[in-house]
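Supplied in structure tokens, the structure appears directly below.
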Amino acid sequence: MKISENRCGLVLHRATASNKMAGPLALAALLLPGVGWAEEAAAVLPPPVLNTGDTAWMLTSTALVLFMTLPGLALFYGGMVRTKNTLSIFTQCFSITAVVTVLWSLFGYSLAFTDGGAANSLIGGTSKAFLAGIKLDSLNGTIPETVFLTFQLTFAIITPALIVGAFAERMKFSAMLLFMAAWVTLVYFPICHWVWGGGWMMTKGVLDFAGGTVVHVNAGIAGLVTALVLGKRKGFPYTAMPPHNLPLTLIGAGMLWVGWFGFNAGSAVGANGAAGMAMLVTQLATATAALGWMFIEWMVHGKPSALGLVTGAVAGLVAITPASGFVGPMGALALGAVAGIVCFFGATSLKRSMGYDDSLDAFGVHGIGGIVGALLTGVFASPDLGGVGFFKGLDMAGQVWVQGVSVLSTGLYCAVVSWILLKVIDLLVGLRVDAESESTGLDIALHGERGYNL
Amino acid sequence: MKISENRCGLVLHRATASNKMAGPLALAALLLPGVGWAEEAAAVLPPPVLNTGDTAWMLTSTALVLFMTLPGLALFYGGMVRTKNTLSIFTQCFSITAVVTVLWSLFGYSLAFTDGGAANSLIGGTSKAFLAGIKLDSLNGTIPETVFLTFQLTFAIITPALIVGAFAERMKFSAMLLFMAAWVTLVYFPICHWVWGGGWMMTKGVLDFAGGTVVHVNAGIAGLVTALVLGKRKGFPYTAMPPHNLPLTLIGAGMLWVGWFGFNAGSAVGANGAAGMAMLVTQLATATAALGWMFIEWMVHGKPSALGLVTGAVAGLVAITPASGFVGPMGALALGAVAGIVCFFGATSLKRSMGYDDSLDAFGVHGIGGIVGALLTGVFASPDLGGVGFFKGLDMAGQVWVQGVSVLSTGLYCAVVSWILLKVIDLLVGLRVDAESESTGLDIALHGERGYNL
Amino acid sequence: MKISENRCGLVLHRATASNKMAGPLALAALLLPGVGWAEEAAAVLPPPVLNTGDTAWMLTSTALVLFMTLPGLALFYGGMVRTKNTLSIFTQCFSITAVVTVLWSLFGYSLAFTDGGAANSLIGGTSKAFLAGIKLDSLNGTIPETVFLTFQLTFAIITPALIVGAFAERMKFSAMLLFMAAWVTLVYFPICHWVWGGGWMMTKGVLDFAGGTVVHVNAGIAGLVTALVLGKRKGFPYTAMPPHNLPLTLIGAGMLWVGWFGFNAGSAVGANGAAGMAMLVTQLATATAALGWMFIEWMVHGKPSALGLVTGAVAGLVAITPASGFVGPMGALALGAVAGIVCFFGATSLKRSMGYDDSLDAFGVHGIGGIVGALLTGVFASPDLGGVGFFKGLDMAGQVWVQGVSVLSTGLYCAVVSWILLKVIDLLVGLRVDAESESTGLDIALHGERGYNL
Amino acid sequence: MKWITAIIKPFKQDEVREALTAIGITGMTVSEVRGFGRQKGHSELYRGAEYQVDFLPKLKIELATTEDRVNQVVETIRTAAMTGKIGDGKIFVLPIEHAVRIRTGETGPNVL
Amino acid sequence: MKWITAIIKPFKQDEVREALTAIGITGMTVSEVRGFGRQKGHSELYRGAEYQVDFLPKLKIELATTEDRVNQVVETIRTAAMTGKIGDGKIFVLPIEHAVRIRTGETGPNVL
Amino acid sequence: MKWITAIIKPFKQDEVREALTAIGITGMTVSEVRGFGRQKGHSELYRGAEYQVDFLPKLKIELATTEDRVNQVVETIRTAAMTGKIGDGKIFVLPIEHAVRIRTGETGPNVL
């Protein structure tokens, strides 16, 4: 089977190079039938060399994924809040980027992607703390290790940034900084290790190509917990809080869509057939999810809204994320449509019936969309449905079960740790701004600036 | 001759791989003297293999061209309408993207790029409907077929999206959706096949590297017909309808400029000398077109406007599109200057004297610019003017004639089918919103949202 | 030593291909111990061939760097001025792009990157004026020469565009056009040749990987001179002139950050380990610079501002620019932090105490940041601090000295020529708009448009 | 002298201004306002939820005129601003006690 | 008839509108204004420099009502708009001499 | 008490506010308006076509003051707002019948 050979060959290179299975694709080595061949072949394969095409694509993908956060997500969220809080969103996204970048270089990359020895199923080691030993010619598979680690860094940046949507318009900036620093350290780095760094989920056979669980379920659940602990915004849900600048949100949505090609196709860690297919299925699922949300909103409310259309698109992007290395084009169309419709109810009926104030639907879109995607990956990976097949030894039921376990464990671990962190930080500096600052708006109260002087 | 060898070699790979001449560059095989060599060489060349560098560039180009529509074009147009209609532009661009994506995967790609058997000069076949048979390791030349088809999809997306500019601020959303679905199916897919998929224009020797005719003349003419059938906006031309947010338009213009590198240089279907030259000439023609419009506006109206400058730039981008694989740097400078000046009159005097309401000058810029570019390609392709030469057997007069034929046939076919579609849809659901919705604005009337709550 | 071999090998290719040392990386050939090896090896190396991966990355980098100006920098600056001047910024950035593009193709590339014969230490020759002799298959190292020259063009575009920040809100558009055309010709092209085109600074051993001196010190000093010659805006510093639209500035900042990956990692002229390391250190220095500015502003003024955070980030991007090919990750963290803090004082206390009106801190951020970066490159290039080492024969003191000389010479030459040009243009057409136009705003006075009609 | 404040539908601005110019009125000041009245607002969508918007965009025209022209001005505005549909707006007349032109210091009717 | 102009804190808009609706007021016109008064402005940051912003965002409510309801309306606005903190704003009452409904041409109290 | 409405050139805002503060005026309310008057508008460009813009940006200052200070206030505004060029604007004085401070319920001159 040509495809699996290719992909295993690729993975093998990477494993040899870094002496470790790292990154999304690594999983494929365990998963596909060809793996036996790969092991034999290892003996005769030449040592991995840098491939300029793979490197070019991964440099580009890194730029694309950073672009999703700066300015993509900042715009997507920043346009949806009220005028008086728009800068707070931007400041949060930029400062999260800076803080996570520093932590990643100090210990994050090492904890996520090195061998943790005895504790390896739970957490990596410290051998690459301070990026020790990473040189110009260090490789990870066919690309420089510097590129691999910067690419992975952009995932560690966007995940906490996604949480911002849940607590927008009311959290203290200092508390936000502390929470994010602690959260990536205690939640993101470990879970990233579990799934992509050689931890227990990887061994168990979870299929998560580009981060449906690691990134989206994780951020969604953390968002839900934050929204619950912080409480509702003053006036919610009686006062209408319409987006202050939808064009900003729509620009952001476009950037997310385009940047996601780097997110998903970049997770192939090379310019290969897997990257091409990931790009294609990403486009297809996003399209049907956008249309799914649009038509159901049109039916329910009589009008298709601009924000609905792009929210559906984002739901589709989220849902196809774990699946993008495993499903075929027609599976992607179906998966996207389901995600668009389910998230429509997740961000509307569910939120209303439960009464929490997930300001910008971080849980409604990323949490729900991530769960839908993770579970459906276990369905549409089926070769009968055009997919590449299940993890070695699993059938569809088994795969869906494993997917469910990964969602539950991620959700549970994330919820508990996030909750503890929030409580501790509340004691230390207080989580929420005072009522007057909330009513003045965070921009002037916390940052001393106004968004617009038109 | 080294250049033609390279390019023919490349084409040959692609032809062998897909067993079909597909994509813009394919034409080059027919066109250049070196082709005989290429055919001989075919016997000894190894079967095509994936080239990671070509793949990396085409993945990137795909992202860049999608970026032109989302959010580039949406911004360019969305900033130019009045406040009350800005979201309608975004919604149209996003929904067109979603609908065309689905149709492309169901049958569009197959109709455009497979062999249509007996009807092949007019339309492709259905062998790849539902993307049947497209696997991780399917190649088109040196890149995965998934990448080739997603790249081509982004062209199928932007073409109908360009039409939006002509009927902005007055068309029903439902009618727009129906029209676009029918139009890409009955107009874009066939014409794409004619020029790039092996149809009659390709055989005839039309030079259209990246879509001057397929994309721009096509969209421009469809826009003109839509503007005529829908009639003028209430108040046009007596009420001033100045852009509500020019910074949005200028951001969009910047994104179009940058994204166009993917459009033109990506049409080389690889990271090669042709791509490099296409990028260079794109930059040169855009610069002179921008300056051409700027200086003539300065002379005629006493001031150079921001919108004029970027409209000139877009005119240059349009005009160099068909030429970008065939002309040299100095030819590009000349071609751009002509395009900037001609489009200045196209979007102003022509529109005023004819009295149609092409709201955002879809015809004035894309139609006129496309025609100028198509014809001048026949001039500046001349080796005496630094170009790569004409189609095999043609001289300059002959080439210009063929270019003219392609413009006329595209225009005529597009106009007739567009007109019929509009009339049918008018009967079915009505094309135009009622007067009150038009005066309230489409954002609230059709989408239930306002762009800004500042 | 593997690394230096790689890089010299690469450089050698490029040198052989273009028969000239061109581009940032070329310097490395002179600088690293392995260079002797490279020279020997030259005899046996095959002639350079096009590498598709390198080409793909450089095509992408070119798009990224153009994106920094259009629309990145236009947004960054355009959001910071008052409403009535926002279009003037965009118009300046777009027209500079167009004018520089034309001049580059006519003679700029040739003056910067060809052999100037006897005058070579000061200026290149005219052998490639009008891009003579540049064909589809011309190579520069492993990439098409068209790509190399378009990539370098984007640097020639952004440098004058950066100056715009210093004279915003008061310069005549005609004077601006004349000044920029003259300035790139008489200042940028020569200095570019000095450092990257084989001129005296290159020989002297200056380390400037991606343009700390050529681009940022140069633009910063020119900005300072322009601000001084033009004088203060009416009302400065007593009237508050807060940014009219900070979200635009923040979008621009995000685009600059992402685009800078093309700027710095693209300066490796290939998809290799040097590119990967440049991308990584760029990300790290930017993060600490952003945090540096943020925390010091928080301490001094009691609040961390959004604009402060991103200004710090830009300061970091500027400072790491010359260093990005020479320092290691931990050096980058330190360098960024210093840059963020020093620029904080540069854009605030220094400006206030000197009393010039550098409207948007072109000198405060690019000038100061560029100087900090240039000097610290001489420090953190030290192998003891994780860097790749100094220029052949230099120790840290010597390297810092050379860096200082390059800053001083650039600053002096640039200041003198800029001053003369401004005086001459003032005589010819006048530099400054009249008081009424300044108070009406440049958008209506010079361009006949208003930014917003909300 | 009287101060006439008219609240009208925004898209009627040009018609009203032209009608006023036609009767020789050379000065006025307008501003964007939001109106609440008998005319129903509309519902808007936000992430699949609907909420009611009560305030509608209106235009406020303020103009000072002499006593003898008040009726003519009011009637002119009324005619030009009328669509006959609810929400057309109102015109109010208030007394002015004193008026000054800043440029010249003139007072009284000369100011207009 | 009287013209009531109230300057209030912007976030009180909904409360005031509801209180007025509750006492049967069916029309009003609001606009965004900037106020200068006893309430201190705040300082804002621009590139590490601080500058003082003296004008604060306020909302102006204008409404015409009949003589007999003036006190009730003023009192209703006052109660709904009050926070007890400085900057709550003021209410001014001016005389209206004439009023017309554009749609119907009605005048006097019928206009309201 | 009187209601002073001044229409001035926007860039004169700071000068007028400072002049008023200097004579002890501690409160005022300003809003952005568009003015039509003797001062010519300008033409704007849109895709190579020119159109006339008649309305120019102006600033409206509204302030209540006591009878005895009216002349001083009017004169102060006039002096500070004057450039001597057409379009400087006008000042109108209207009667106030009643005034209330929302925070305290005070009425009359104490409100100011």
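Order of writing sets the labels: A, B, C, D, E and F. Residues in every chain begin at 1.
Here is the rule we go by: contacts are C-beta pairs under 8 Å (C-beta built on N, C-alpha and C of every residue); 3 or more make two chains touch, one makes a residue touch a chain.
What you see is a predicted model; the values in this text were computed from it and never measured.
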item: Chains touching both chain E and chain F; value: C, D
item: Pair joined by the larger number of C-beta contacts - A-D, A-E; value: A-D
item: Pair in A-D, C-F or A-E that repeats C-E, with over half of contact pairs matching by residue number; value: A-D
item: Whole-Å separation of chain centres (CA-atom averages), chain D against chain F; value: 18
item: Centre-to-centre distance between chain D and chain B (centres being mean Cα positions), rounded to whole Å; value: 47
item: Mean-CA-position distance for chain C and chain A (Å); value: 34
item: Junction residues of chain E, two or more chains touched; value: 31, 44-46, 50, 94-95
item: In chain A, residues with contacts to at least two other chains; value: 51-54, 56-57, 60, 242-243, 245, 251, 271, 301, 303, 305, 307, 447-450, 452, 454
item: Graph class of chain-chain contacts, one of line, ring, star, complete, other; value: other
item: Every chain pair in contact, whichever chains are involved; value: A-B, A-C, A-D, A-E, B-C, B-D, B-F, C-E, C-F, D-E, D-F, E-F
item: Of chain D, residues touching chain E in the complex; value: 2, 5-8, 31-38, 54-55, 58, 60, 70, 74, 77-78, 81-95
item: Residues of chain F that touch chain C when the two form their complex; value: 11, 14, 42-46, 50
item: Interface residues, chain A side, partner chain C - complex; value: 50-57, 59-60, 62-63, 66-67, 70-72, 74-75, 78, 86-88, 90-91, 94-95, 97-99, 101-102, 105, 130-131, 134-138, 143-147, 149-150, 153, 173, 245, 248, 251, 271, 443, 446-454
item: Chain A partner contacts - residues on chain C that touch it in the complex; value: 2-3, 6-7, 51-54, 56-57, 60, 64, 82-83, 242-247, 250-251, 253-255, 257-258, 261-262, 265, 270-277, 279-280, 283-284, 286-288, 290-291, 294, 301-307, 309-310, 313, 329-330, 333, 388, 452, 454
item: Chain E residues touching chain C - in the complex, by the definition given at the top; value: 44-53
